[in-house]
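Starting off with a structure, shown below.
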Amino acid sequence: MSDSGYLHSVEFKVRDYECDLQGVVNNANYQHYLEHARHEFLISKGISFAQLHEDGLDLIVVKVEIEYKYPLKSRDRFLVTVDVKKEGNIRIAFYQGIFRLPDMKLVVRAKVTGAATKNGRPVFPAEIINKLGLD
Amino acid sequence: MSDSGYLHSVEFKVRDYECDLQGVVNNANYQHYLEHARHEFLISKGISFAQLHEDGLDLIVVKVEIEYKYPLKSRDRFLVTVDVKKEGNIRIAFYQGIFRLPDMKLVVRAKVTGAATKNGRPVFPAEIINKLGLD
Amino acid sequence: MSDSGYLHSVEFKVRDYECDLQGVVNNANYQHYLEHARHEFLISKGISFAQLHEDGLDLIVVKVEIEYKYPLKSRDRFLVTVDVKKEGNIRIAFYQGIFRLPDMKLVVRAKVTGAATKNGRPVFPAEIINKLGLD
Amino acid sequence: MSDSGYLHSVEFKVRDYECDLQGVVNNANYQHYLEHARHEFLISKGISFAQLHEDGLDLIVVKVEIEYKYPLKSRDRFLVTVDVKKEGNIRIAFYQGIFRLPDMKLVVRAKVTGAATKNGRPVFPAEIINKLGLD
């Protein structure tokens, strides 16, 4: 873990089309940001989401819990962080945060629980667990 | 509550652009479906989301918890259900489900917690609570 | 062609998350509507977009021309129409319109030009042309 | 105009959720990319899209023409360019390109025609024309 207290982070900037009638980022779009940061994190660990899918292995999300603390507005810059832990025997929990830049105001706190499936059935993702250093 | 066990439901059909690389509906899009069904429900109760915003009152989502049980594919028809309860003094909890049609297979189970703000500050949404019959 | 003057139409209703800061449907979303109506039309002719892809044949869009005549707002109902013509030897032109309901006010007029590719190379989509009755 | 031959450019990276069933970026998303680059360009010229809207002036898109030359895939980096010309007396034409990085392969060529409206009526956007150096 880095000194900053999280394993990985990706910087974004709000695009106007991500905002809705209320003038703030639409709730579902935060899930897009979280997903993109997780995928970037996995790639940084040598895990290709697209490659896994071609191999018949899908890393799927089984649960998301998102707390909305403060809204992002048009053109805000922000950081999406990723931490990861093994949960039970076959699940992987991603602890994520979204922070507005440059003041690091907390925007969203999320826990995203993932599992691996092969041909639709749950499997133990040994290679992923290993690459993430969770074994 | 209706005999079916939920207050309100909206029928949808998966559009191809809502599916991603894995050939199933992208996770964030379920949140769009849930949102649209909630807004339809509120409208059915005489609560206009857009009107509220013009009056300075925003009904915001403070938390979502979504369990992904089974994926929807291209062109699947599905039902999004809405139930609602008061939570504590100022929060409203929406209990929602997504069910594939016609077999009613459970796709997503969600709890979405809402609160009202006026000029960015939390307020007791008396009128909304009243219209929802929660007082 | 039907009496109404177009081959196929699909009815939609604007969802709040499709609207942006300006309080109207975001421009890119009209392209989603047009795409969904085209796919529904193709399905109605026995042409499965997803099935074609699995067979290695992709029906791709090579050009879109969209004229924005009038904006849709939250909860507007509207109709998306589809007409189709062969263009040159290997292209298919979809002439589409979006009309607000119930007053049939013209919202968008579009021409979408499609072509077929197999393993990335252009091919003559004989089967598609045939199913569309364009040969 | 810069030596590179265009006025402004913004670099992007494809996010997985922007790809669809066919494994490439969904057509409508290119329109999002084009829009974001235009807005960044306008901001760089001191024109705030959101600010304009609050002043009652909307810069709207009246027409888009997009040629799809080559598809972007997951994680591709790309550049979106913006050039601008006055068209007739009250329209502004944005000439845009999308180029894959680092090989600068042409992905999309687009012309987006904008006009200004105040309270829904077309107006001559003198201030915008001036800031863009088109007068």
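The letters A, B, C and D name the chains in turn, as written, and every chain counts its residues from 1.
Keep in mind that, in the parts below, contacts are C-beta pairs under 8 Å (C-beta built on N, C-alpha and C of every residue); 3 or more make two chains touch, one makes a residue touch a chain.
What you see is a predicted model; the values in this text were computed from it and never measured.
According to the touch definition, list the chains common to the neighbour sets of chain B and chain C.
Of all the chains present, those in contact with both chain B and chain C are A, D.
Look at all chain centres (mean of CA atoms) and spot the one farthest from the centre of chain A.
Taking each chain's C-alpha mean as its centre, the farthest from chain A is C.
Report the chain pair from A-B, C-D or A-D that duplicates the B-C interface, where duplication means over half of the contact pairs agree by residue number.
A-D
Find the geometric centre of each of chain C and chain D from their Cα atoms only, then give the gap between the two centres in Å, rounded to an integer.
Centres of chain C and chain D (C-alpha means) sit 23 Å apart.
What's the distance between the Cα centroids of chain A and chain C, rounded to whole Å?
Between these chains, centre-to-centre, one finds 33 Å.
When you check chain C against every other chain, which residues touch at least two of them?
Where chain C meets two or more other chains at a single residue, that happens at 16-17, 21, 23, 28, 32, 35, 49-50, 74.
For a test of understanding, state which residues of chain C touch chain D in their complex under the given definition.
Checking each residue of chain C against chain D gives 21-22, 27-29, 31-32, 35, 49-50, 53, 58, 60-68, 71.
In the complex, go through chain D and note every residue touching chain B.
16-17, 19-21, 23, 26, 28, 74
Residue numbers of chain B touching chain C in their complex, please.
15-17, 23, 32, 35-36, 39, 43, 49-50, 74-75
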